[in-house]
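For reference, the structures are reproduced in the following blocks.
Next, two complexes with chain A in common: one pairs it with chain B, the other with chain C.
Right after this comes the complex of A and B.
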């Protein structure tokens, strides 16, 4: 995974980002979130710096990949924290930036407040979640 | 005595004097109406030349620019029809669909950018394309068939794609009409000097 400072280049994770869930195919949104994004965002938040995620340079995205990756981020860290620390670059497909910031993040915030838990199709290692103002790392049910 | 065939300097001078005298005679006898007629002929000739050269040249250039953009519209329309035909025949994989949609996004984005730059129009083709892109790639069937070489569309997906495609075609037709309507003095941008 290509990362320079607080910048994630998804093309470095995969040139062909895949489907929504791990069980549906390689390089899924679920996998990207749990193997890369959750930790990278944690580091940015603890350093109180912005995390830039660059979407350019891949063969394209399924809407569901982005929904699962950035939706989980909103679910675990809250939309307020995500909007404060996340910067999206998407020059080749500018609509994805709008979709993530104005649709996915608010939608998953609602899901978080309603307690509608995200589906996991793989046994992931511990990951961070903001709970009662504290970032805790564990395998969340 | 000057003989026939020999050069006579005096005769040449006589002819010159006659011509000059003739010119004076014309000037002396011309009336205002004659001058108006001459100016009229000159102006008419110049206007004719201007129409023939400048206006015609501008018309040709403007028509060529319009034709280029209209041709691009038709290319996009044709590309979309081919893509949807393959999609309906279940002969496309999820991966190839994503790739095609991205290429088309970039193509339409550039096309709309130049369209906005050249004509004062507000195209909605990319917006409709993005709607289709998001719809197809978020369906459960698309994700469930991700590993499969063919993405099989359900009747509901087909119906929804047809609806979005209808809107897409309408947007392209609107653009063709707006391009043809555009004129330099009205909504076609003025050339920067």
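Right after this comes the complex of A and C.
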């Protein structure tokens, strides 16, 4: 995974991003979130710096990959924190930037407030979640 | 040994001998049963070669074997093959007779391959077939990549012809790398260089994701084929690539969730099934999961089409034929296709439009 400073390049994770869940195929949105994005965003938040995620350079995306990756981010950190610290670069497909910032993140914020928990299809290691104003790392149910 | 012990010993010995006798008798009974059944089978099949005892069925493809022009005939054939899934568990041979075909297209070939592939995975059903007699149909058939998955009667693989191929890209999991590399290779036909074309990768992934979301244990034999057909330029047409995506499963109409109120409203407005399918692409309905963040896949496909990154998008699913370029030619079919078939094209113009996006 290519990461320079506070920048994540998804093409470094996989040139061929996959489906939504780990059970549906390799390099899924769920896997990208739990193996990379959650920790990278935690570092950015604790350093009070922005995290830039670069979507360019891959073969393309299924909307479900981006939905699961950035949706989980919104669910765990709240849409307010995500909008404050996340920067998306998508020069090849500018629409994705709009989809993530204006649709995926608000939709998952609604899920968060309703307590509609995300589905996990793999046993992930502990991950961070903002709860009562503090970031806690554990295996959330 | 005391008398008492002797009596006890004798009793157990007798018991063991009796058991042994009974076992031998049962074994003999079983042996005779098998022998008699073999004898009977030999007498009825006397003089016949053994392979002829496996029942064989013939399914005729008819003359118009084109999914885009004559979908009903192709669906009839697919459903006839499908009917062998139910019933007894005995070995069967199915002959698919393609000899009389006079029209054929990549759609019918892809769907036939997906179905044959599905049946082979079930086992106990052996499918074989013949070639179209018509020379042009024969050529389309050979060039399609269908024969890459077949063997001749001697069990040898067929020789590969042309640049076209049909790629099996998954069953219950998506094969992203295989899809991506197939698209990269195909772009070479238009630009002379291998390159990514994200809109096509994106829509294939949406189609696979949509399908895998609704896969369940009842549908374990599902499989998808991505068809890539490189068409050379001529006086009448520019060089282009035809992509097809064949998904043997439920079909889109069976996986969309319409609210009761919406159903009533659509009934009052006399909405046809093809209009309902079109509305599903316009994000008018909920996903079956009913989660707010779902249901972006079909609208994404429509968005890519409307931005002209792809051309000539057509979808056949369940009882609907939907032509996005010419909605008036969309229609309700008299037969139900068990799955979904997508057809679209790209040419150099699509790639140019796409390349302009990044530069703007």
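The rule we apply is simple: the second predicted complex is superposed on the first by the 141 of 141 C-alpha atoms of A that agree within 3 Å, B and C clash if a C-alpha of one lies under 4 Å from a C-alpha of the other, contacts with A are read in each partner's own complex, and residues count from 1 in each chain.
Following the convention adopted for this analysis, a contact is a pair of C-beta atoms (placed from the backbone, for glycine too) under 8 Å apart; a residue touches a chain by one contact, two chains touch by 3 or more.
Here the structure is a predicted model, which is why all the values come from computation and not from measurement.
Undergrad: Which holds for A:59: it touches chain B only (first), chain C only (second), both, or neither?
TA: In the superposition, A:59 contacts both chain B and chain C.
Undergrad: More residues of chain A are touched by which chain, chain B or chain C?
TA: C
Undergrad: Given the touch rule stated above, what does A:32 touch, chain B (first), chain C (second), both, or neither?
TA: The answer is neither, since A:32 touches no partner chain.
Undergrad: In the superposed arrangement, does A:15 touch chain B (first), chain C (second), both or neither?
TA: In the superposed model, A:15 contacts chain C only, not chain B.
Undergrad: Under the stated touch criterion, which partner chain does A:41 make contact with: chain B (first), chain C (second), both, or neither?
TA: neither
Undergrad: Return first, second, both or neither, reflecting whether A:111 touches chain B, chain C, both chains, or no partner chain.
TA: second
Undergrad: Considering only the touch criterion stated at the top, classify A:92 as touching first (chain B), second (chain C), both, or neither.
TA: Once the two structures are laid over each other on A, A:92 reaches both partners.
Undergrad: Across the two complexes, what residues of chain A are contacted by chain B and by chain C?
TA: Of chain A, residues 16, 18-20, 24-25, 58-64, 67, 92-95, 99 contact chain B in one complex and chain C in the other.
Undergrad: In their complex, what parts of chain B are in touch with chain A?
TA: Interface residues on the chain B side: 94-95, 98-99, 101-102, 105-106, 109, 126, 130, 133-135, 137-138, 142-144, 146-147.
Undergrad: Which residues of chain C touch chain A in the complex?
TA: Chain C residues touching chain A: 170, 172-177, 179-180, 183-184, 196-202, 205-206, 208-209, 212-213, 291-294, 296-297, 300, 303, 357-358.
Undergrad: Under the stated contact criterion, what part of chain A meets chain C in this complex?
TA: 14-20, 23-27, 58-65, 67, 71, 91-95, 99, 103-104, 107-108, 110-111, 116
Undergrad: Under the touch definition given earlier, write down the residues of chain A that touch chain B in their complex.
TA: Listed in rising order, the residues are 16, 18-21, 24-25, 58-64, 67, 92-95, 99.
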